[in-house]
Structures are given as C-alpha cells and as structure tokens.
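Below you'll find a set of structures to go through.
Look for subunit A in each of the two complexes below; its partner is subunit B in the first and subunit C in the second.
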Partner chain A sequence: MPLPFQLTRRTALAAGFGSVLLPASLSAQAPVQRPSELKIGVTTFLSGPASVFGVPGRNAAEMLAEEINREGGIGGVPVRLFFVDEAPGIDHLVGEFRRLVQNERVDVMFASISSGSCLACTPLGEELRKVTVLWDCGTQRIFEERRYQYAFRTQANATPEILAPLLYLMKTKPDFRTVAVLNQDYAWGRDSWEIWKTAMDALKPGTRVVAELFPRFGATDFSAEVTRLLALRPDVILSTSWGGELDTFIRQAAERRLFERSTFVLPLAESSLERVGRSLPAGHIVGSRGDHWHQHPRPANPQALQRFVENYRRRADAYPIYPTYHMAQAFSALRAAHAKAMQANGGNWPSDAQLAAAFPGLEFDSPTSRMRIREDGQGLEPQLIGTTVHTDRFPFAVMDKMVIFPPDLVTTPAGQNSVAWLRTLTPDMVNRVPDPISAAG
Partner chain B sequence: MGNWFTENGPLLGLALLDGIASAALIFMVAVGLNLVFGVLRVLNVAHGSLFAIGAYAAASVGFFAASAGLPAWASLPALLFAAMLVGLVLGPLIERLLLRRIYDEEPVLQLLVTFALFMILEDAQKLVWGVQPVSFSTPVSLMGTVDVPFGTDVIPYNTYQVILLPAVAVVTLVGLAIFLRRTLTGRVILAVTMDREAATAMGIDARKVFLLTFTFGAMLAALGGALSTPTSSLVPGIGASTIVLSFAVVATAGLGQIEGAALTALMIGIGRSIAVTFYPELEVVVPYIIMVAVLLVRPQGLFGVVETRRV
Partner chain C sequence: MTLRRIELLLALLGAGALVLAAMTTPWLKFVLTIALAKGIAVLGIMLLLRAGQVSFGHALYVALGAYAVAFLAPVLPDAALLLPAAALTTAVVGTLIGLFVSRYREIFFGMLNLALSMVFYSMLEKFYHYTKGTDGIRVPPLTVAGLELDRVTHEWTIFGIALALALGFGAFARVYLASPMGQALTAIKTRETRLDFMGVSARSVLLAAYVLSATMAGCAGALIAMATRHVTPLLSYWTASGELVFIAILGGAGGVLGPFLGAVTYELVRVYAAATVADMWQMILGAVLLLVILFARGGIWGLLALRLQRRGAA
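Let's turn to the complex of A and B:
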C-alpha cells in the first residue's frame, strides 16, 4: 500500500523553507498588532555649533511627546523617543539610523537638521521601508532628484526660504542696485547663494554682485569681512548664516555701523533675535524658515500658538525658534497620518506601508497655520518675512511689516528642478506678493 | 604693479589693520601652546579647551560683575581675572593628575591622552554653559570706535580690536622675553627647555618647572579666550577651531619659539585679511599655504633649529 505522502529530501527541504517563509508572507497580509509604545527615532545635533538648533529641537520633541502621552498617545499608544546626535558625521549617523530601525525596531524616523544628513538618511529609510519624516533639513534636492515612497518633508525647503526674502526686498526696497553676500562656507551657504543669485538674475536683471564672501564654517571673527563691506557700501548685504556665527556677524557689523550703510537681508535671523538683543537695529529684513514667529500677526489658531510658546518658554527659558516649530510640525503630521491610516485600515493599527500611504495629500496643523504635504512628499509651508523694529515690549528686535507668502507662490512646482524653475521667473512676480501686515495686526 | 598699489593701497592699509588685530589673538593662544611644547615636549590638544573655557569664564565673570552693579570699565579687569582663575585652577590640576604620568611615554600616547582630555573638557563646557551662543561685548561697546580715513570716506574700527588687543599681545611678547631671559625662574625654564637631563643634573627640579610652565601656558590660552569673548559669540566647537590654527602657527614658527609665534601669527593674520579683501576664496587656506611654504623651505620652522638637544 503506497504511502499517501512520501517524505523525500526535496519535499523535506521545501517544507523547511516553507516553514520559514510562510509566516513572513502571512504577516504581510495580517493586521499589524497595536504596539505597546510607538518608537520614534530623532536625529538632531546634540553637540557642535549646530546644536543651537538641535537642542531646541530636542527640547521641543520631549515637550511634545510628554503632551501627547498625557493625552493618551497616538492612536492610544504612548510615544517613546530615541535621539541620535548628527554631529559625529554621516557614517555614524547612518549606522545609528540602521541600528534604530533594525535593533530598536523604531516605528518612525525623524531626520534631520543637516541637509547632508537628510541626503544620506532618506535613501536608507526607503531601503529599510521605514517612514522617514524630514523635519528640518533644507536641501531642495531630496524630492527633485528622486521619488520616495517612505520619505516626507513636513516643512518647506531652501527654495521658498530664500526666494521669499528676495521678493520681500523687491517689494519693500525695490531700488537696490548692488548686493554683497556673506555666507558660511559649506553646502547651505553655497546652495542658498545659488538660489538667491539665480532668482535675482531673473527677477531683477542688472543687479551687480560686488562681493561674495564665504568665511570658513565656525569662524569667530568677521572683522576683515566687515571692513570690506564698509569700504564697498553695497545697497544690500545678504547672509544666510546662523547660530553663533550670525550672532557674531550682527554684533561686529553693528559695532562698526555697517547697518547704517547697507540693508541686511537675514533669512534665518528669527533664531538669533532674542540672543543678539538690541544689537540688531531696526529696518532690516529677517526670515524664519517658515511662518513661525511667536508674534505671528494672523495665526490659524491663536490659542494653540500661545500655548506652544508659553509651554516652550516654561521649559527652555527662551522663546521658541524655528526648529522647535518644525518639530511640532513633524509630530502634528505624524498624528494626522496615523489617524488617516487607521481610518483607512478599518480602525486597525497601520503597517509601515499603510502609514506611508497616508502622507501624500495629508493636511495637518502647525502652531501657526494649516499645512499640506504634496504628492511628491514635499511639505507646503508659508513663509513669513518681516522688517526689524524695536518696541518697549521686547528687549530685542521683533518683526514688523510682515508678509506671509503663500507656499504656492514661492515653492518649486512638483517634478521641477528649483534652479531651472527660478530661471523662468519674471519681474512681474513681485506684483503677486501679498501686502505687509503691521505688528499691531 | 605700480598701478595696482596706487589703486588698492588704501584697501591694503585696511587689510593690514585687520590682520594685526587678528594676529594679536592668534599669537596669544599659539604662544602658550608653543611654550608648553618647548618645555614639556607634550603637544597639548586640550589647549583649545583651555581657550574655550577661558572665553566662557570671562563671559560669566563679566555678567556677574554687571549684575553686581560694578561699573562698565570693570569688565576689562574681569577678563584678566577670569583667565587667571582658569589657568590657576585647571593648569595645576591637569599637569599634576594627568600630564605628569605621561612625560616619558610615546608622543602618540601623549597626543591621545590630551585629545581625550579635550573631549572631556568640551563636554564639561557644554554641561556648564549649555549649547546656546553666549555673548559678552561690554568691553567693545565701552571702548567705542576709531574712524580710519579711506579716501573721502572713513571706516570705523573697534578700539578694542585695533588698539587694545595688539597692545596686550606686544606686552605679552616683551614680558615673556624679559621673563625668560632676565629672571632666574625664566632662565631655569630655558635651561630645562634646552637640556632637561643636564638641568636636572645641576639640581633644577624639572617637575616644578613643568608645573609652572604648564600653568602659565594654560593662563595664556585662557587669556586668549577671554580676550576673544567681547568680539565673538561663544559656541560649542570654538576650542577645536582654535587648536587647529594654533598648531599651524606652532609648526610654522618652530616648536618652542616665542618670537617665531609672534611673526607667524602676524603673517597668518595679515595673509588672511589680505585674502578676504582681494581673493576671498583663498581665506580659508591661507594659514596652511603659509605653513606649507615655510616648512618646504625650513622643515624645522621659521625660527626652529635642527634638533641637537637630545642624544
């Protein structure tokens, strides 16, 4: 009597492989179990010069995670944060990113401050099929050079952040003829100048660049540069510098009366206003890498903004600066995406792929406005630019004559390259810039 | 060429002024490093941390003086006081607890130990002063500006930078030269520098000399930091950038050479400011171009002598 099933070497091997592979294939279709905690990996600068942004970002993350957990977590699950320092370099960061995903089994990654970090982490997140929220880095190249399924940016990028101050300058002080630049000598300093120069050549052809100064990253003295600028007397001085270097440049320029000779355009200076106090005189143009400003003239939800500002001040003894708002946007987007993904999944906990699918087209609240993530993964964020003014309310310069640029006006259309798009701009674009709003509202 | 000087002479003059101001600070830091290496034969990477801690301490002492209601001019001696405090506390501590144990070790190990100390002090500095930029510019505001003629225009300069800093550097250079060559303690230090074994054989306590020299070097580093405080914002990492430039100065000057450090600091300071004025893209590399150019011609450094001290 033949046996109904004969165990040969081949069938034994097949059974062995099957026992290994089958559960994995079943698990891809089975509903994902609700975890006991939602693990979020956060890459940020905890040391080095960029920690002036990274540590406020971490402070905000910890504050927001505590708030979320007090309210019952995301989808009923408490969040737990894992921080990685970006300062040791890309190799270290990539190793830590992989370790968090594969060993710690984090559910979502928030990466990063440095554009170089984002350029390294985003393809890795894609390879590991892990949702990666780009929470602060500025490089526009991420979504212009490649399409991603698992990476999404919850803020703007360098193009609108530089184009908006240029348009503001053209609207408020249109008669400038000469421009000088002083930027830090690294990727952001060079890339932001390329964006400005390309846009300026298209929007105001004939403007003369009289000096391009790129002091080394980490420089602590700008005396020679200030002398050069004093001697040249350009109509406009652009500096996209940040942190201690921007503070030093502002102080040295103020002490030597450079602000009296030229109009400064400082797209990142919102983050320095409190620190430099009244050294920064009135009448100069300041940006905030978005529409974040604790004195925002028309926030979508004034109570929410006030609560965020007060909570952060209580925790850090300082006004929140742009990375803290960017962190709030990342958390807000994650909450909204989770809610959307769970709804689409019949109330069940979403898989990585289901969570990723919720981001394109997602709308979420920032502390100041309602934002949207475009189909290509790029966030659409308004840009708030203003002119400095001194008041009795604050011991530092604040913004007046604020223009809130709608994201559609200043963001490169999806699928296009920023530099190529900027070349197509025409001078009449300035006519579409909204009117300034005074600080009094 | 004549035309170039006619056209750019005034700009060159401004660049020289900036270069001298910049050289003064570079010298203050590098001379301490050079002195310590000359005597102890240890290349102290943590010298940059002493610079940074001196800078932060100066800001803290300055803020304290202001909050205590002291007049604004008190901010100037506050800088000096902070530097002395840092040097006198950290100098002996580091020498006694750490360096004394590695004088006879391989240079590589000495480098690693001082590098480890540098990392520890960097973290300690962040624990104490945080990571947000710290500024204390009262001395600069106090001293105001001087207007330097530039054609029909004038260029304002900080009095603090173009007068006080170079004056302090000159006083330090002259004082050090007199101290080392005209005083008994100075001559003892020089004797240990020249030949440690012979000096010890003649009854000189080399350990005391090491302690004294290192403490003095630490004070010079902290003074460099304290003097830089009024003109710049202090952030994590200022120690690292300072030590790299100081190494360039020491290597170019010749190890242990004080006058060499002054001349090299001047060359680098002026070279950088001329680059900013005429060829900004070269600014970052100028110190290293000068270093390589000098070392190609004189491998022992500008003022260094071929090593004949050790047998």
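Let's turn to the complex of A and C:
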C-alpha cells in the first residue's frame, strides 16, 4: 500500500510547514492597549461530587464580577468571566485552558479546585506565559517542587490547613493518647493524613494510631467504619473528608453516638455545617481551610464581611463556605496586583509579564483579614479553628473558642519541603498558639 | 468510484482539513491531537466490535500507555523512544490479559474487561507512593528524536505524530479487516461454530485482534500523555472506557474512518458545548448520542456511506 505511506509523509510535511508559518509566540512585547474588557477564565467543578465547592465558587465569582463592574471594573475596565468544568478530566481541562488563553484571549486564569487540575494547569500557564491564580486547590507540592513566574496562590495550602487543627487539639484537649483516621481514599485523604501523622509524631511523640481507615472515594455507607471506631474507642477521630461523604459520615456517626465517645477533628467541616444541621453535636473541632467564617470574631473590616455574607446569602440562599471566600481572595488579589502593576507602568495597562511581576510581595484584603503573597508565590493565610456549639441563633452547629493562627506560625517556610519541615517541629510550638476567642453573643 | 476508493480520498481530505483547522486556530491543535489519539483507541475497539465483542475496559490500555510514558519519561525523555516503549508494554499486557479474556464472549467479555480496568484504576489510586494517587504524575518536557523543541513546535510534532499514526493504523486496519484474519472476526459475530468447522481457531483470531486493539489503545494513551503532559488515574476509570464505546457508536463501526469521525465530533461537540453552556455539556453530548442511536444506527460513517452509495447508484 504505497498510497497511505505517501499520505503520512505529506501530512507530516504539512505539519512541518505549519510550524514554520505559525507565529512563534503569542505574547508580543509591544505596549499593551487597554482592552474593552478584562477576561478571567475560571476552572471549577460544575458537575460531580466536588460541585459542592465548585458551584458556590462560581456563584461567588459571578457576584463579585457584578459588584466590580458596578463600581467601574478593574482599572476602569469591566470584567468578564469564562467558566470551565473540571469534572471531565485533565485532557478536557487542559484543552479548555488553551482555548481560553489562545482563542478567548483571557487576561488571567483562576485555576482549579482539584489538586490534580492545579498540578496540570500551573506548568501550562507558565508555558503560555499567562498569569494563573491558584484559587482553591490544596496540594503543597506546587511551589515546593518547582518555581513559577506566572503562578500565584491566593490562599494557604494543605500543610497549615492540617497543622492548625492539630495544634488547636493539643492546646484545647491536650490529654489524648489514641487517634484514628477516616479519610477519603484519594490524594487529598492520603496527603492530609501524612501531614497530620508527621506533625503529630514531632509535636506529641508516643501518640498511638489505632486505625487508619480509607473508605473508597464516593462511599455512601460508613457503618462498618463506625462499628470499628465504636469498638476501638480512640480519644480522637480525624477526618479530612468533605462534601456528601462528610455529611453522611457525620449523620451515621451521630446516629450511633460515636460523637459521645471520641473527639472529632474535622478540618473541612465548616463547608458542611449548614447542611448537616444539628446532627453535628457540640464539642468537636472544626476548620475551614483558612480563616473563613461568617461569624468571624475579629474580622479586619466587620462591615465588609457582613456585606459579603449578606450579599451571598441573598444570591445563593445559603451561608458562604470556604470556596466563596477563596474566590473573593482571588478577585481581591487580582485587583490589588492590577493596581500595583498599572502604577509601576506609569498608569498604562500592564502586560502579562508586568502583571505577574506585581504578585510577589503583594498585600490584599480578604473578606476577613489582610493577606500577603510570599516571594515564592505562596499565599499567607491565617487559619481559624473552633469548637462546635449549639445556639438559638442558628439551626446548625457554629464555632466557639476560636483560635486564629497567624500564617507565620503554621506555614512551611519558603523553599522548604513540608514533610521535612514538619519533622523539625518541637512540642513547645503549642505555647505559641494564640488564646481562644469566644463567640460574641 | 467504489466506496473503498472514496474512503481513501475522504481520509486524505480529512487529514488536510485537520491540519488546516489546527493552523488557523492554535488551541484546536491540542483538542484535535486528543481526538486523533482517542480515534486510534476506538479503531482498536472497532476491530473487536467486528467480532461482536464490546470491551467496556479499553481505558485500561489507554491509561497503561499513558503511565508507561509518565514512568519512563524521567529515564528516557524522548518521544521517539517512549511511543514504541508504551506500545510494547501494552502489547505484552494485552497478550497476557487477552489469553484469558478471549475465552469469553459478549457480556462476559465486556464485564471482564471492565473489571480489569477498574482493578488497574484502583492500583493507580492506591499505590500512592509510586503513582501519586489521583493527583497524577507530571510528564517532563520531552525531546523528539534527540531534538529539543519549543512549545509550539512540540505541539505540532505531537499533532503530526498523532496524525501519522492515525493514518498508519487506519490503513493497517483496512488491510487487516480485508484479510482472512479480519474476515474471521466477522465470522465470530455471525456464527462462531462455522470457524471451528473450517479448522480456524476463533480464540486465536480474537486474541490477535485483542492484542492489536490493546496496542492501538496504548499508543493513544502515550499520545494523550505527551500532549497533556499530566496523567491521572481518571484515564482508566470506567467512564473513560464508556467514552471510547460512545465514540465508537457515534462514529460507526462500518469503516475505519468511523472512529476518527466519531472522535473529532465528540471532542468538538464537547468543547463547543462546554464553551457555550459550561454546566450543561453532558446533556448536549447525551442528546447527540440519542439522536445518533435513534436516527442513524450506523453512526456518522453509516450516514455518510449511505449517502455516497446512493449517489454511486444513481
């Protein structure tokens, strides 16, 4: 069959020609014109189990974009959003990322809830020389394994999000001897347990791990696990699960009174509080992947937080949960970086490289505090951890005895590997934990 | 002109159209690379469909090819070596599994393949310290035949390789299906005992097709890994296998062009559906499949072939 072979060669030639004819680079160095709109690509989960975070994130993005546009936009230019669903997988996501950058010509990408998506998008953003704001994903691997010029994170990462609840537990209930873990069987469940275990071995050596349970991702029945935990009677049960699985686990554990035997540490439960209602009893430890809490005891700007919470409730008919705050942080950082880049550029519209240069060292307001982006691109975010309590004001458990961890205390120093850093911690670290604050009213 | 001639002409035209589309819209180049890769995998599934066997687990080989690239890339960072390595790996694994599954037919064949692919998925997810679990493995930048390429040239090269492989495998499948081995596949579908009476072993006929299809899927996986540069266990999840069968039905199993028509249509529909209504793309894809099942049972290729034949007759 000579013909098909000839045909492959011809197409190979055509492909070769294409590469010669094609402009080599997309980002021209000529002064940049002020565009008619500032386009933002947002990758988030719009379907699948993680849409419990993705859809609130999108709601928040739409709300914030409307607010920004009402106030005259960013640098006088209205913003426009493009959403991409992360659920179909990496090949689709990476294709959409390219489409948004190369075809829609977005000015900035807000990438990903899933850590896998972030790990795929960040190097791509770097190759395409497009500012990529990591708005929600947890993995600490990104900035610890490589340096990036165009990628920045406007929130913390898994290390402070897991270390803070552990320190809180050691401060408020120091007498525990046994721990059991029940995490979802996928990267986050495994990673977060590794962080907790490494830190616990350094901070409280001798603590016994009585069970490591990793039910499959998407499990709907935890009765076997609950039985085992009831029999083992661990002092502490850690679960970094989220979404439907956490809701189900809380309900099934509550029905069988597991909460009466053990103290639960649930670093992501802030996002489930409203959904599980009063099923979650008082006296258990809850975190929010940051200092996100609609009843934050000491917000930097109480009016701003209240406005954010009320506007979001009016729009989505639910209290904001951590992805909505993360989205607000991404927008706030973009605004601040843009203003800084424009100022540095003599009031002219910044290029991609100029915008990227504005992020390291940038300070910006989150709904609850003032944040900074470190030189390596990692955001420094405080962590708020509290103990659940039931009040008459809310039909669900809320947080009391809240500790706000300053980011410097719990974040891995720049240039260090998290697990290696956690091994160097010493038990006296607990003494540096701030005192708890009681909820007002 | 006969239909076989027209098929050849259409393949040429299609390849030209893809190159043109990739030249005019740079971002489409990536989408089309993925589409071509999936087309190659579906071509393998089509071979099995000829024998009336539906594999609900061929994502196993796609993921195997992709992970072979991801694991070997740090020691062997060249696309020209990784591609044969991935093909070889999948061929070997395909032979081992094929020896076993080629004893089974129909629902048992489909379900066994599905089960094995899910076993592989769980392994990728659970052997966390080797595979990095659901976060997946990043594929480092690759050279091609010793040449270091910049981003745009690299994308074109992978696209070129995908196109060349698609045409090569397409031509091969045409010859294969016309050969006695290919004809025997059709016989398995119609009446397997007849093969036995002729002294032909149905098992080895199916095994050969199975190994071929596994190799094609492995090459597809390697291409996907080289294009996306990040592999995750989702590649071997049952939905990924379902996607391949979906594309096979969409494109039609009547000719070797079917898988590629199906794959390009599938990827383009998904991209444009996602671009217009980001949270409704599943519904649009589902509607397209329903329409094909209800009104064009031979898939897109079936529609096309029917029209061409009518014109030929008139």
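Keep in mind that, in the parts below, the second predicted complex is superposed on the first by the 410 of 441 C-alpha atoms of A that agree within 3 Å, B and C clash if a C-alpha of one lies under 4 Å from a C-alpha of the other, contacts with A are read in each partner's own complex, and residues count from 1 in each chain.
In the analysis below, a contact is a pair of C-beta atoms (placed from the backbone, for glycine too) under 8 Å apart; a residue touches a chain by one contact, two chains touch by 3 or more.
Predicted model only: the values in this text are computed from it and were never measured.
J.: Tell me the contact category for A:Asp185 with respect to subunit B and subunit C: first, second, both or neither.
T.: Touch status of A:Asp185: both partners.
J.: Kindly classify A:Pro427 by the partners it touches after superposition: subunit B alone (first), subunit C alone (second), both, or neither?
T.: neither
J.: Could you say whether A:Gln252 touches subunit B, subunit C, both of them, or neither, answering first, second, both or neither?
T.: In the superposition, A:Gln252 touches subunit B alone.
J.: Thinking of the overlay built on chain A, is A:Pro413 touched by subunit B (first), by subunit C (second), by both, or by neither?
T.: Neither partner.
J.: Given the touch rule stated above, what does A:Val52 touch, subunit B (first), subunit C (second), both, or neither?
T.: first
J.: Given the touch rule stated above, what does A:Arg141 touch, subunit B (first), subunit C (second), both, or neither?
T.: After superposing on A, A:Arg141 lies in contact with subunit C but is clear of subunit B.
J.: Contacts for A:Ala224 in the overlay, against subunit B (first) and subunit C (second): which applies, first, second, both or neither?
T.: first
J.: As a test of reading the superposition: which chain, subunit B or subunit C, is in touch with more residues of subunit A?
T.: C
J.: Shared contact residues on subunit A, subunit B side and subunit C side combined as an intersection?
T.: Comparing the two interfaces on subunit A, one with subunit B and one with subunit C, the shared residues are 47, 185.
J.: Of all residues in subunit B, which touch subunit A in the complex?
T.: 11, 14-15, 17-19, 21-22, 25, 122, 126, 130-133, 135, 137, 140-141, 145, 150, 153, 155-158, 161, 228, 231-238, 240-241, 272-273, 276-277, 280-281, 283-284
J.: Within their complex, state which residues of subunit C touch subunit A.
T.: 8, 11-12, 15-16, 19, 22-23, 25-27, 30-31, 34, 125-126, 128, 132-136, 138, 150-153, 156-157, 159-160, 163-164, 167-168, 170-171, 175, 224, 227-232, 234-235, 240, 267, 270-271, 274-275, 278-279, 281-282
J.: Which residues of subunit A touch subunit B in their complex?
T.: So the residues of subunit A in touch with subunit B come to 47-49, 51-52, 54-55, 185, 211-216, 218-221, 223-225, 227-228, 230-231, 233, 243-245, 247-248, 251-252, 255-257, 275-276, 279, 318.
J.: Can you name the residues of subunit A that touch subunit C in the complex?
T.: Those in contact with subunit C are residues 1, 3-5, 7-8, 11-12, 14-16, 18-19, 21-22, 24-26, 46-47, 82-85, 88-92, 94-96, 98-99, 101-103, 115-116, 119-120, 123-124, 127-128, 139, 141, 185-188, 190-191, 217.
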